[in-house]
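Below are structures written as structure tokens.
One chain, chain A, links the two complexes that follow: it is found with chain B in the first and with chain C in the second.
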Partner chain A sequence: GGMLAAGLLLLLLAAGPGWAGAEQARRDVLREELLLSPLPAGDLAATFQFRTRWDADLQQGEVSHYRLFPKALGRLVAALGVRELHLALTQGFWRTRVWGQPPLQAPAGAELWVWFQPTVTDVDKAWKELSNILSGIFCASLNFIDSTNTVTPTASFKPLGIANGTDHSLLRYAVLPREVVCTENLTPWKKLLPCGSKAGLAVLLKAERLFHSSYHSQAVHIRPICRDASCLAVSWELRQTLTVVFDSFSSGQGKKDWSLFRMFSRTLTDACPLASQSKVYVDISPKSKEEELLEVTPTPASVHEAIVQGDKRTYAVYDLLSPSLFNTSRSLNVQLKWKRPQDSSELPTPILHAQRYVSGYGLQTGEISTLIYNTHPYRAFPVILLETVPWYLRLYVHTLTIITKGKENKPSYIHYQPAQDRKRPHLLEMLIQLPANSVTKITIQFERALLKWTEYPPDPNHGFYVSSSVLSALVPSITAMKHVDMEQSPLFTSLFPSSDGSSYFVRLYTEPLLVNLPTPDFSMPYNVICLTCTVVAVCYGSFYNLLTRTFHVEEPSRGRLAKRLANIIRKFRGVPPL
Partner chain B sequence: QFQLAVPIAVVFSPGSVPGDLPRPLPFRDVQEMEISVHLRTSVTSHYEMVYRKATVQEEAALDAATAREADTALRLLQDALLGSLTVYVVPETSSLLPQGINIYVGKHRSALVRAGRGLATLRSRLQQLTQVMSFTPSSISTALSDRVPNSQLSPDSRRHLKSSLGYEITFSLLNPDPKSHAVDWDIEDAVNRYVQPVLDKLSLLANFSVDSQILYYAVLGVTPRFDKESSSFLLSAHSLPHVINPVEARLGSSAASLYPVLNFLLYVPERSHSPLYIQDKDGAPVSTNAFHSPRWGGIMVYNVEAPASPEASLPLHVDVDMVRVMEVFLAQLRLLFGLSREELSSEFLLESPGNEGLADWELDCLLWAHTVENIATVSTTLTSLAQLLDKIGNIVIKDDVASEVYRAVASAQSAMAKLAAGHLHSAFQASKEAVTSSERAFFDPSLLHLLYFPDDQKFAIYIPLFLPMAVPILLSLAKIVREARQRKKEPTKMD
Partner chain C sequence: VVEGLALLDLGVSPYSGAIFHETPLIIYLFHFLTEYAELVFMITDVLTAVALYLAVQDINKVVFKKQKLLIELDKYAPDVAELIQTPVEMHYIPLKVALFYLLNPYTVMSCVAKSTCAINNTVLAFFILATIKGSALLSAVFLALATYQSLYPLTLFAPALLYLLQHQFIPIKLKSKSFWLYTLQYAALYLGSLVVIICLSFFLLNSWNFIPSVYGFILSVPDLTPNIGLFWYFFAEMFEHFSLFFVCVFQINVFFYTIPLAIKLKEHPVFFMFVQLAIISIFKSYPTVGDIALYMAFLPVWSHLYRFLRNIFILSCVLIVCSLLFPVLWHLWIYAGSANSNFYYAITLTFNIGQILLVSDYFYAFLRREYYLTHGLHLTRQDGTEAMLVLK
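== the complex of A and B ==
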């Protein structure tokens, strides 16, 4: 087995330069990748990444001949002066505490953040136009992004690509927590892939399986990157990522074994012919020092070891472009079996995680509480917290308290932008130091505003969403990391730039909140109309009767019941009948 | 009620002056032609002819050996305004024009005509010529097609693109089988070399933007039929309408602009379906292997030769012959703009437009038609806006909407006036402004009629009031009727 693997590695190495030569002739390169990682709780996360790199500068006009890069997005970037674009559509919530640190997390609903070029004069107009066009491309209601949910953070969102100067007035950030993600958003996303869903890893993207899951997040990231190490020229990178978490425990009758076919009801048969790299990674890192608990079939051709998010991980690698993979069988169906039932009692808690909730009673005031956990045994580190609260929750900043281990924790940086009614939301950004092994509680009180009756969304009794707060931190790593070349390393490690060997970047999103606002009875006006109208009508009717009726003196007629009764009574009394 | 004026200079070279001229040269003459499009719409065209003798330089130019050389030499002597024409009359026996050709139309805004025997022949030739070089009744009625009943229109006239402020041209290479064909095309060079000169010429008419893309795994919606005789696949003409829809979904929307898109698709059939040929209605293969769809664009099928040896490694590398492709696409582009040169009689000789793909006078034809169409569009837009306002009495017209409407009307009027005066270019500009203003007014978000309560719904809200109130009224009405009937009966009983 070892000999065979080594031989295959040699083969791969020999194939390498040929591909590199072909890539230089073409100016755009596609890489596709699937990362399968079993989560501590028994779920399975699958992360697809499709990366198109184009060695052309989109901004310098006149580039209008597209090959792998989708034309719709390319024109958008060129026309609106976009420096960097990050759009994520998510259904469900990534449970950091149970599932561990995500490779890429996104808040529930739709998230869009964009850096514009310094040449853009009217950023707000470009932002509005951009969100409208994107909502058309992705069939999402991004057109509801307006000034009431857009903020300009000052510290949380740094450009991920190359950027000279970070003038924060060029950044816009918005989250629509109410947005529901479904098939109609997936189809246009798939259409942007050069191979569509016809070949390569994308054949696994079947909507009825993807949306039958605990978490689904699809994203588009566009950014400029260095063309080579000297960084004299700019290339543009489009990353399409899709993360999905399957509850394999409940769907697999209590077993945690899984296979590609069971999850996606498809298997892989080939790589996308346009891709220069097409790989499947399976996380097989041993959970403890003991012997391996799990077994993957077929035997992987190679094993990749990397330090991801401060942890040493081992990945089984399947290269779809290597011809030997499909020699034995026509299709690749990666399977994973647990050798013995794993005791799920000891879940490793991630170093940084957070939770948030609303407390208080009644419909007048309330309190937002955020708990941030640092479980690192001995290292303290700072975290940037970004809180966006809609204007109809009026924050009282004087009630802001930050308490760690029973003592007040003073933030070293605070940026607060108060809301304006119907114009802009509250923006609160803080840099908080988290001591080692601690829980930090941040509370702030708010008052619920009364809306105008036209401002309520459909089904207002459902409540109003407050978007997730964002935690950005450089988390100290337990294992030292060595610097790796971005072009060589797997895609899932290379979206966020790593600063140095001792820490890694993490961005976390807390739960979105659902807050009830005082809601009027919307049927009341109609009820009032009905009632008044009825009263008026009844009055009118009786008046009309009084005015129009003619009164006759009626001749008493025989045989009436009253008369008979009277006659009976008269008989008893001995009086002659009437 | 349109009035179009075409300034024409008729220049007589020595020896070509007909004997029966009404007046000595030079003189002016106006000819009128009435084109009735519709009961209420008619177009009057004035041909303002100036008859004069050739100058010395023009005579020298006309002494050239061939008509083409004469045309280039005369070009330098003209101060050709857009829409104006210069006609040079040469003697009937001149050797400048080839045998049997009486009318020669140059690349620019001039033409050579044989004098003919007498003024009448010359007049009829001039009339034919001016119609070709400016507008014909059919081109005008096409431009006004919104107002013409459908039955009167030829299918050709529905092919033309609507007038717009801009067009987007998208070239797409469809490669449904990237596993067997690695297709490359040098579209950038081809666009610069063949398309850009045409668009530079057309830039007067509208804004153009060109881009291209390659789409993989994009298939036609129809499975072609296998033909054993030729061992090829055939796509018959009646199945062509079904080809476009599935492709269209992949083409991508032009989200970033509002201009109409012209799609030119180059389809490289799958290996299992090649070679693929398009059949026309009679079953004969189409020589260009291409077809176009009115107001949408064109599709060309590009077959890849099978490799000589069957074990040639896949994917097969293909470099597209862009000259062949662009020839077809440019011809389709001309067709989509309604520039066809077919329906001319045999006595015409047209100079080929050369690299620019478009002669000056053809540009004038487009400008005439588009100006008329723009004005018609403005009037339609404003009319329907007025109808909307009539329907909803309490609609709010903002000041900026009002000013857009005023501007649209003023621009349209000035465009009409300039058309009547023969200033084609400024008329076209004014008509463009009129279209922009009228569209802006019409699509103003404040004029959405859904923003206003229809009156019947207001009535519905008050049904709880009206219904109970109506009951006693109706009852008493019924009572009155009953009593009246009884009263009628009673006298008869008395009898």
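== the complex of A and C ==
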């Protein structure tokens, strides 16, 4: 009896740590990071990244206890069979030519692209449910995503997490270019953060400063990643990124010196207690070899060097979790001062940038032109262009021309899915080779359709938006890049998987277009119905008369009232009667 | 069509989009002929004119024979000598018809625009020629081709049938067995050729996609691009609730004049064919000026009705002015932006009213002449005074 009890006790003791170990295996880790990069012309870009990595398999459905990973998103992923989800809400346009290559760009409006698991049978139904649920979570009108603006790309948007196979029928992509981003989209986004906006870097996210900027983009990315180097198990990663560009004229009141207080009207006081890492990086890369451009106060504790997007960059690092940071003052207000004024000749041109515009006159036809620039001096590389055009701009694919350096450039892969009226948009995907140091011009003509009067938005003469086209490319980098370990390196280097060190992945978006369509007169429905039916009735009446009546000799009628009256009047006048 | 060919080259079905609505036979015809497109359209116009010339020559012969028969049978009143058509005045009518077609500005515009309506017109002209010559097989084949291309020539089955029955001297009585026999024969020829052509199209592109794209498109009017017809603005301003109802009403409107006209005009199938062609051109879902050119080419055949036309001056003015205003108001709406869609719509209304009144005016004149032929030109009332004719 006693021996049995002691044995049971031993067993329990042995199993105890096992349970604790099982709890530990489901651990989740939060890292937060702020990257401040000064842009040419005195603007400043601030990129926040909050990354929660959870070592649990959401698909198996065995999780019920959510700690750092938000429950709304976790349940969504599990219930609808989502493998990858990327949602971005953006206001403004990233000017690649002036500001350089963006760390992560998003098109103006709302963009949602999702890879579903192969177990999902009805992808379109899952997509519709997903967009409705996300519309509720983020207070954005994502419920307007339907078949008229959803496409299934065949070459772009490959999965960013681990994937077993790429069956493109599981991918859906939609953009709502007319979507406006404002405070009520920021608030639910902040609520998903483990610390909310009460501690850590998220205290800087105050709406009245964030929306007073040239570019504001907030995004949510969920993807599965390898748990460790052997990649035997899957972890789920949630990244929330927010990029904002402060304009030196509107936000900085004309002065080019920046500080956290001037940008966000707040300073950092502590790190989020739930975070395992909380850092601020400031890009202090020297533009020329002689001297540095920026002076940063307070003096950074360490300096980090990395090769980002083909360039060697130097970052000043402030670790909010290190106890020595808040020794001297209770708050951290990073200040940047320009040491010497910048001239515009130092503006580096990014290797790949693009531009898109609409040309033509009148409301009948038009032409969409896309210009893609490859400024690399000696390397050529291919780029995948994805264009989604709404159905009411009828593209004529026989007018598609691609001209590089004056000669025709034939794409090596072209996938064109024509639109169907009121059902799906045009999808044009092409793989184009860009020779070194060249400009490629892609033009396609379209015809504008007349819509039914109920299909026009409330302000029809504002025009209709055509969503940005997407350029995906592996740009050859000037400096060779090393493979980055996702856990050790800063977050801004590990967003896109890199296959080899000689090129980096870039996804660019062009400008959205605004196109006018001919409008009918909206005040006229009753009038139009009456007039057209009158014309038809004229025909019907004439034909009815001619078909059903025959000619007769007219009989003189007698005793007509009108004739009698006329005769009476004639008698008064003295004129002979009729 | 060029877009359809480009889509075929890309390996995509031309009917998967919403731009291409022509039949597969047209695609294959133009596959070989894209290089010579202008020449092709000029040749089709010339062929149409030649077919009309030959057809009208035969129409004249038939008219003479009938007149002679009726004069011998003493069916005409004694004082209608001036109404009888003489060979002298009818000698130049076929030439006038061919010239009316070739020199019509509408035909020239169609040819320059390389509209496939010209091919429609050629097929219809050959159909008329085959019918007038009396060949039931050829007539059925051409009618099937015309119906295959745009659905509405189906209504020309009735006038063709009536003409062929008269040609074979079969009396048109519902109880007569030979009448039904011949009708069934002709219907079988027509339906058989139609089925053959549709199956051929299926084998050309290996799918039935063309049926909703071609016929579904004609019947359900999804594309609202402005044209010279009445439909586009009507459906642009329609309440969604009623759109199906009005689509059905408008489509029935084209087809339902056939039976009453057949009953009234069973002795005059050629005039019936003219009126039916005009009704198709006015009320089809996507009319073009090429359709108008075809039925206007027949007007010289009825030039003897001129004295009975009531409003011909006003109507010609309306038609000419509207044709001139069409491009002006289109430009003002779409390019200059200073006019509204209502301006263009108003011209559409006026133009269509002009056409409708033109056709009904000719119909009135035709019926009136028939009345005079049988009742005499100078009508007197019971008390000897001159009488007026009214429709009662």
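In this text, the second predicted complex is superposed on the first by the 490 of 578 C-alpha atoms of A that agree within 3 Å, B and C clash if a C-alpha of one lies under 4 Å from a C-alpha of the other, contacts with A are read in each partner's own complex, and residues count from 1 in each chain.
Here is the rule we go by: a residue touches a chain if its C-beta (ideal position, glycine included) is under 8 Å from a C-beta of that chain, and two chains touch if they have at least 3 such contacts.
Worth saying up front: this structure is predicted, and the values here are computed from it rather than measured.
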| item | value |
| --- | --- |
| Partner chain(s) touched by A:R379 [first = chain B, second = chain C, both, neither] | neither |
| Which superposed partner A:K158 touches (first chain B, second chain C, both, neither) | neither |
| Chain B versus chain C as contact partner of A:N545, first or second or both or neither | both |
| Touched partner set for A:D521, first chain B, second chain C, both or neither | second |
| Which of chain B and chain C A:K191 touches, first, second, both or neither | first |
| Touching partner for A:R507 - first (chain B), second (chain C), both, neither | neither |
| Residue contacts with chain A in the superposition, chain B compared against chain C | C |
| Touching partner for A:I529 - first (chain B), second (chain C), both, neither | both |
| Common interface positions of chain A, toward chain B and toward chain C | 529, 532, 536, 538, 540, 545, 548 |
| For the chain A and chain C complex, residues of the former touching the latter | 361-364, 391, 394, 396-398, 414, 416-422, 447, 449-454, 518-521, 524-525, 528-529, 531-532, 535-536, 538-540, 542-543, 545-556 |
| Chain C residues touching chain A - in the complex, by the definition given at the top | 2-3, 5-7, 10, 12, 16-19, 222-226, 230, 232-240, 250, 253, 257, 260-261, 263-264, 282-283, 333-335, 337, 340-342, 345, 349, 352-353, 356-357, 360, 363-364, 367-368, 371, 379, 381, 383, 387-392 |
| Chain B residues touching chain A - in the complex, by the definition given at the top | 170, 178-179, 187-188, 191, 209-214, 216-217, 249-250, 252-253, 255-257, 315, 461-462, 464-465, 467-469, 471-473, 476 |
| Chain B contact footprint on chain A (complex, rising order) | 64-68, 70-72, 75-76, 79-80, 133, 136-137, 191, 194-196, 198-199, 270, 273-274, 526, 529-530, 532-534, 536-538, 540-541, 544-545, 548 |
